[in-house]
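Heads up, the next two complexes both have chain A, just with different partners, chain B and then chain C.
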Partner chain A sequence: MYRSMTSRKVRNYIMVIVMVAVSFLYVTPLISIIYTAVERGGAVLVETGLKFLTDLPPTPLSTSVGGIAPALIGSLLASALAILITTPIAFLMAFYVTEFPRHSLSRVCEVVVRAFSGVPSIVVSMFIYSTVVMSMGTQSLLAGSLALAIVTLPYTYVYFTSAFRSIPESLREAAMSLGMNRVRALIHVYVGVLRRSLLTGLLMSYVRAFGDTAPLLFTMGFLMNAVFAGVLQQSNAVPLMIFVYALSPYENFHRVAWGATLVLLIIYLALFTVSRVLVRGVKL
Partner chain B sequence: MSKTSRLAKALSKTSIIVVASLVVVAVVAVVVYNFMSAPQVTPTTTPTTTPTTTPTQSQVLISGAGATFLAPQMLEWARSFTEIKGIRVEYQSVGSGAGRDMFFNKVVHFAGSDPPLSKELYSRYRGEVMQIPVVVGSVAIIYNLPNLPEGTTLCLSGEVIALIYKGEIRYWNDERILAINPGLKDVLPSEEIVAVHRSDSSGTTSVFTTYLNKAAPDTWTNDLVGLTVDWPVDRVGRGVGGKGNEGVTQVVKTTPYSIGYVELSYAITQRLPTAAIKNLEGVCVKPTEETIKSALINAVGELPQSPLDDWSDALYRMMNTRGSNSYPIVSFSYIFVYKKYADAQLVQALKEFIRWILTDGQKRMVPGYLPLPSEVASIGLKAVELLEVG
Partner chain C sequence: MSLYAVEVEDLHLRIKGVEILRGVTLRVRRNTLFVLMGPSGSGKSTFLRTLNRLIDFVDGVELSGLVKVLGQDIYSVDPYDLRRRVVLVSQEPNPFPHMTIYDNVALPARLNKIVRTKRELDDLVRWALEKVMLWEEVKDRLKSYPHALSGGQRQRLCLARALAAKPEILLLDEPTANIDPVNTIKIEESLKSLRDEVTVIMVTHMPHQAVRVADHVALLHSGVIVEEGPAMEVFMSPKKEVTNEFLRGAL
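For the complex of A and B:
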């Protein structure tokens, strides 16, 4: 009796240690990434200050580090446009699928979205390139946004469906018993109840669009010599710029890439924190 | 019955919401577009030169895409040209292949490419596309011989390099290596040579293998020339692949007794030890600006004399040229432009851009990139006259 207790305790301790070690292994790379980005990028941001957000990127012969203005504006706008495109579609699809789960159209929606989430984003990029870009005759911020929209749609959809599924059946029945139809219930009850989790879904989709590189490779172009040229003109994006600048052999390019990485990380963490706070605020 | 009518009602409401949200999206998009495109941001400095051409210069945009090798130099040129002439140029580094695709699909105005058009592509676009060499490239042989004393230079011939990459020369103290390096008889070890090559499709590989083919045609046959090669040395287990110039460098740095080849600009910026190569006149020559220039001046006579000509075998022709001070491995990077563009302003802008990069631009070279000798630049300058509206 006594012996079996100790062996259980010992096994428990061993498992706890293993779990802690494994989770430590899992967290270490993340911490190391954040640490390196803060260390290297921080130096650049401290040196350049706010000009890093408003200046044009450097060239190999530049003596200064310059800034990431075209990429920052391009990313902010393209992700916003992408969200603007996906949100109504994802919202309606999620609503429809959760309200009529057995309807054949719902099943089609499910399958299509799942298929979309499995498509490599570079393929999406090629698709938009061969359709939108080639017919427009130029790469553009709009084409980049469309590619981002296709890539983020499954994410937004999943956030929205899980939000709709979290509505308690009692609330739904209460709404129906008051004589509301589904649309009225959506407008007067569900949206009110779900606004925070829907907003969280939106923010997370925005973050997701903001950090994606591959959909933009052939669609966005590359903007170096103007801050912004128009929605139908070539633009730039923060991850795209990091990708190109990090692969070059120049010291000032690497510094810009690190600075841009830190900016990306800060934006990501800020939006992520906001969305967590929103989730905490959800009360049912 | 009641269920279906409710569904119909719900759907009609849904459709109202769909239409409403689409309208909102459209309105917001238009507002954003107008708001954002109104304050057109011009580059840091305003053009100091008086606009001699068209008054609406700033409306023209020249876009290019292509070779990653060309990208740093192009970014530099694009920025300088934008600042000096007030015509905005943008270049995206997507690789020679993708850049060509964008160019032929008229998504961009010009392409940057390491290899010229192949014979087949040339005959398809004959008279339509002009190929202009804009910078000089070269391939350096790098090596890792830990016990080689400081200040000594390894010399290799095309034949020896070909035999190493075929796996037929196995040890560093092989008599064929010693024969070229009599001074290194006691230093070259009896160690197996590890031959490092690119694992990805690469213009550097194409340049390197073309040189081997020209210098040692019997050893390095035609089927071993190209962007990717089925390396004979891999079959005997002494070949290693690396991705990109940085990959090859990394493998060579960490593998004692290895040899590799990289783009010269990369070897220069990374300060790698480079081997001298025995040229056509039997002199061991290290890759420097001077030796490469010498090679090009000797090769000019062999080159096509117009941007409209077939440049497909220019690479082969310029390898291993005469001149006792000529480094034997040289290449060009090209830009491709159409002979005719519909937009007159664009034609004017392109003319200015091409003229500028072949003259003033050649004085603004990024470290590691070599300017064209004026003899070669003048071939490209003919394109300025040939460009027309149509």
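For the complex of A and C:
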């Protein structure tokens, strides 16, 4: 009896040590990335201040760091436009699939979304390039937004579906027993009850769109000489800029890339924190 | 106009092959407080949800027989219109958590365009809350949310919401099952005062509650109506042994 207790305790200690070690191995690279971004990007932000967010990028041989305004504006707008395109589609699909789970159209929706989520985002970029960019004759903010919309659709759909599935059956019955049809129940009850969950889903999808690079590679263009040229003209994006500048041979471009990385990280963490706070506030 | 609010003939209902109601035949007169009694699992809630076609939302339902509500076959009318006239209050209090107390009561009146002006709406909300004896408790906090209310108050709020829809039939699925005796008495008093305005059909598994409120009762056991009649008649001299057992609490 005594021996088996000791053996259990030893096994417990070993497992705790293994789990701590694995967690440490998992978290270390993340902390390292954040530390490096803060260290290198922080130096750039301290040097340039808010101008980093409002200035145009530097030329290759200039001594100044310049700013990331075209990329920042491009990212904010393209992500917003993508969410604007995605939201109504994902919302209606999620509502339909939740309300009529056994209908054949629901099954089609599920299959389509699953297929979309499995498509590599670079393929989406090429698809938009061959359809939208080729026909428009130029890369554009619109093309980038469409690519981001396709990539974020499954995420938004999944968030919305799980939100609709979380509605207590008692509230559905209350709405129906007052004579509401499904659309009235959606407008007057479900949206109100789920407003925080739906908003969280939107924010998380926005975060996803904001940080994605591959869909923009062939679609967005690389605007550098203006903050914004129009929806149908070339634009830029923060992840795209980091990708291109990090691969360039110029030292000041590397510094811009680190600064942009920190900005991206800050925006991501801010949006993520807001969405977590919203989730915590959900009371049904 | 039919004398009866509800007429059911030989109703059989199966859910996923399991027979829940087995040839129910029943009539409920208008403007009475009808109590359908029966032990748990006898099919009372299913029967209630059949009357306003909420049962349509359950998968695998097969139904035969005739169900007429307010003189019309329920499958010949628009189900949403039917549910506006035949409103159900569930066992579990389910006020809409994102709406204020006022808006919870006002919602059905707004949706069904029962009133035209804000003044009329205010009056209707007050009337409904007074009917369920909740007005005095909430009149100073109509803009509060239902989570600030106790379970019993929330159930009365749901009853007020149902009344504000101005239904012709009110279906109550064990409305006092989860609440304290004080709130239970208030709900029962409210129901008694509603007789002249609406037909009330309530299900309960508690015989003593049926004794307190019912004009007319029926006992449903294993999906079959065992006995029915005026409340006093059934309580004082039950004709069937099963009814006797139920009233003694032995079922």
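Assorted remarks:
Quick note on the criterion: the second predicted complex is superposed on the first by the 284 of 284 C-alpha atoms of A that agree within 3 Å, B and C clash if a C-alpha of one lies under 4 Å from a C-alpha of the other, contacts with A are read in each partner's own complex, and residues count from 1 in each chain.
What we mean here is this: a contact is a pair of C-beta atoms (placed from the backbone, for glycine too) under 8 Å apart; a residue touches a chain by one contact, two chains touch by 3 or more.
This structure is a prediction, so every number in the text was calculated from the model and none was measured.
Contact with chain C, but none with chain B, is seen for A:Glu173 once the two complexes are overlaid on the shared chain.
By the touch criterion defined above, A:Asn181 lies against chain B and chain C together after alignment on the C-alpha atoms of chain A.
When both complexes are overlaid on chain A, the residue A:Phe218 reaches chain B alone and has no touch with chain C.
Applying the stated contact rule after C-alpha superposition, one finds that A:Gln234 touches chain B and leaves chain C untouched. The wider contact with chain A, measured as residues touched, comes from B rather than the other of chain B and chain C. In the overlay built on the shared chain, the residue A:Val113 is in contact with neither chain B nor chain C.
In the superposition on chain A, contact is made by A:Leu81 with chain B only, not with chain C. Of the two partner chains, chain C is the only one touched by A:Arg195; chain B is not. In the superposition on chain A, A:Tyr250 makes contact with chain B only, while chain C stays out of contact range.
In the superposition on chain A, chain A positions 181 are in contact with chain B in one complex as well as with chain C in the other. Only residues 56, 59-61, 77, 80-81, 84-85, 88, 92, 96, 129, 133-134, 137-139, 181-183, 217-218, 221-234, 244, 247-250 of chain A touch chain B when the two sit together in their complex. Contacts from chain C toward chain A in the complex involve residues 52, 54, 57, 59, 80-85, 87-90, 92, 94-99, 107-108, 111-112, 147, 158, 161-162, 165, 171. Residue ranges on chain B touching chain A, taken from their complex, read 6, 9-10, 13-14, 17-18, 21-22, 25, 28-29, 32-33, 36-37, 40-44, 61, 63, 68, 71-73, 75-76, 78-80, 82, 88-94, 98, 102, 105-108, 246, 265-266, 269-270, 364, 366-368.
On chain A, the positions that touch chain C within their shared complex are 102, 168, 170-181, 184, 188-189, 192-193, 195, 283-284.
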